[in-house]
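Which chain is which? They are A, B, C and D, in the order written, and residues in each are numbered from 1.
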Amino acid sequence: MRRPVIGVMGAGVPSAGCLGAARQLGRTVAERGWILLTGGRPEGVMAAACAGAKEITGSLTLGILPGVSGEGPDVDIAVFTGMGEARNVVNVLTSDVVVACGVEGPGTISEIALALKADKPVILMAASDPARLLFESVRSRNRLLHAATPEEVVELIENELGVARGNWKV
Amino acid sequence: MRRPVIGVMGAGVPSAGCLGAARQLGRTVAERGWILLTGGRPEGVMAAACAGAKEITGSLTLGILPGVSGEGPDVDIAVFTGMGEARNVVNVLTSDVVVACGVEGPGTISEIALALKADKPVILMAASDPARLLFESVRSRNRLLHAATPEEVVELIENELGVARGNWKV
Amino acid sequence: MRRPVIGVMGAGVPSAGCLGAARQLGRTVAERGWILLTGGRPEGVMAAACAGAKEITGSLTLGILPGVSGEGPDVDIAVFTGMGEARNVVNVLTSDVVVACGVEGPGTISEIALALKADKPVILMAASDPARLLFESVRSRNRLLHAATPEEVVELIENELGVARGNWKV
Amino acid sequence: MRRPVIGVMGAGVPSAGCLGAARQLGRTVAERGWILLTGGRPEGVMAAACAGAKEITGSLTLGILPGVSGEGPDVDIAVFTGMGEARNVVNVLTSDVVVACGVEGPGTISEIALALKADKPVILMAASDPARLLFESVRSRNRLLHAATPEEVVELIENELGVARGNWKV
């Protein structure tokens, strides 16, 4: 059975709190044996999550890039789309679960919205009240979950993968 | 000089208020001589705006479709992308100004976010408080404007086109 | 009924013969009342076909661009994809008939191949023997036609539109 | 340094000769420690190459899918684009070297052409004379190479990676 892919989305220029959480989240995702997917660029949440994952032996990081080069140093597999922000669609369609590590930029908002549209499980970590309220207002049959910490995120992911994949365990 | 393209985004299953406003907005955009761009499908805000535009002689409606068929009856030119929601990127990049006619679904949210990311002028019509607050929080140097009615939207568009295109007049 | 869209594909740096034929083809397509679709950039076959079309009053030229700007002067409606060569897919899916005005560059080859894959009618004008042989070898149920001149191309288009659209006449 | 990605392209319904060669090619690519990239669907050259690679312990297969599901059983990492044939662009941009295992369908032709357009090294294996002649006629500064067998392909890849990556060795 294929290893689950966890997409971690977040701003290129995030708040300090998000940056630390992203690194911890990347590490925890890697510890579970899941593949970490990010937007692949060497900045912000993307870079921090990948750096966290690469602290773990055997981790695998997948970066989906907007351009034809420019991947961060901790990206194991760089998928180059050359499609700019249209690659955000690939990010969410390729992820089994989408995690927003903060909702601090338009790119992240687009990815949350595209994930809801695609009926992917979405976990918002440390989202502001307006973000929570807006996304709650447009959810339909999809699962929109909320977490305060990386530990809570991972618990929610485990639940999601259990439901979706017959109690998949690493 | 090319005719300006005004992108009108909105839900496939909108509230009744949005539907009426979309039709009026489409008609007013067409009266100004601007090209109306929508997502092209025969439902919701897309269909209502196109229907409004086609009440005006000489109007031109451009639909950017997610699939390879399925355009609405009031779409003059159907651009088929076959790319699903990735076509939302084409919608915003092709529009000189992006108008959200309500913020009532994830597709619309993604388009607003992608437009802000692409530094397009964005006008939110009849947006909820959470929508206004969230998008205000992620705007950077781009222009994010608010309107309550189609008339206000058109005034804002005229301002935007004047600034951007050397007082372009139809 | 929507106006047919005729996609004219060809090299950015074509041979002199192709350039003249592209201009004549653009003009003839416009005379029939069909919309001319090209890749939209200000060079080669794209530019020549658009220039030919704009000699005709009431003509409409649609350019599907790889970037977010850079359309040629004779493009009436510029669709900006920001997706690089992935826009070639949009070109062929949006065209009712695809015409290759020479087969002189890799972009054109990709468009012919994508059109055959999408089961679009494809007309090769002034193709080399290897081009004819290769594309004949991979055609399946789709229609692959050959022409030597713009006049022959237009006759073939008329046949195709007649079959596909219930004897559509402008 | 990232593991090189070798894209193996070919028909969904190939000739018997291509099928055997694809399997051998996939195995040989995996033996070298390179990542195998294919179109990811469970048929033809894609499936055979992946099956060959998975005979090797530690192999890694990356499938770039046109849809949102439907990957073959030997795909380790499935990237879902939901973009139809536009994913062919992602295939070639993500590959360090593109190998056509036969030129037997329009999809493969589009990928070769897109790879040449993107200036990727391209290796044609067992190509027909028209295919060789046509692609030779549109090459510019890019490298277009020819091989008869999987062994020859791998030698050519080693040369390409040596040049491009400072004598990278697995």
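Everything that follows uses one rule, which is that a contact is a pair of C-beta atoms (placed from the backbone, for glycine too) under 8 Å apart; a residue touches a chain by one contact, two chains touch by 3 or more.
Computed from a predicted model, the values in this text were never measured in an experiment.
Novice: In terms of C-beta pairs in contact, which of A-B and A-D ranks higher?
Specialist: Output for the comparison: A-B.
Novice: Do the two copies chain C and chain D share over half of their interface residue numbers, or under half; same or different?
Specialist: same
Novice: Give, as an integer number of Å, the spacing between the C-alpha centres of chain C and chain A.
Specialist: 41
Novice: How many angstrom lie between the centres of chain A and chain D, each centre taken as the mean Cα position?
Specialist: 29
Novice: So which stretches of chain D touch two or more other chains?
Specialist: Residue numbers touching two or more other chains: 82-86, 89, 118.
Novice: Applying the document's contact rule, which stretches of chain B touch chain D when the two form their complex?
Specialist: Those residues of chain B that touch chain D are 82-86.
Novice: Residues of chain C touching chain D in their complex?
Specialist: 83-86, 88-89, 103-107, 109-110, 112-114, 116-118, 128-131, 133-135, 137-138
Novice: Spell out the residues on chain D that touch chain A in their complex, using ranges where they run on.
Specialist: So the residues of chain D in touch with chain A come to 2-3, 5, 35, 60, 62, 64, 68, 71, 75-83, 86, 89-90, 93-94, 118.
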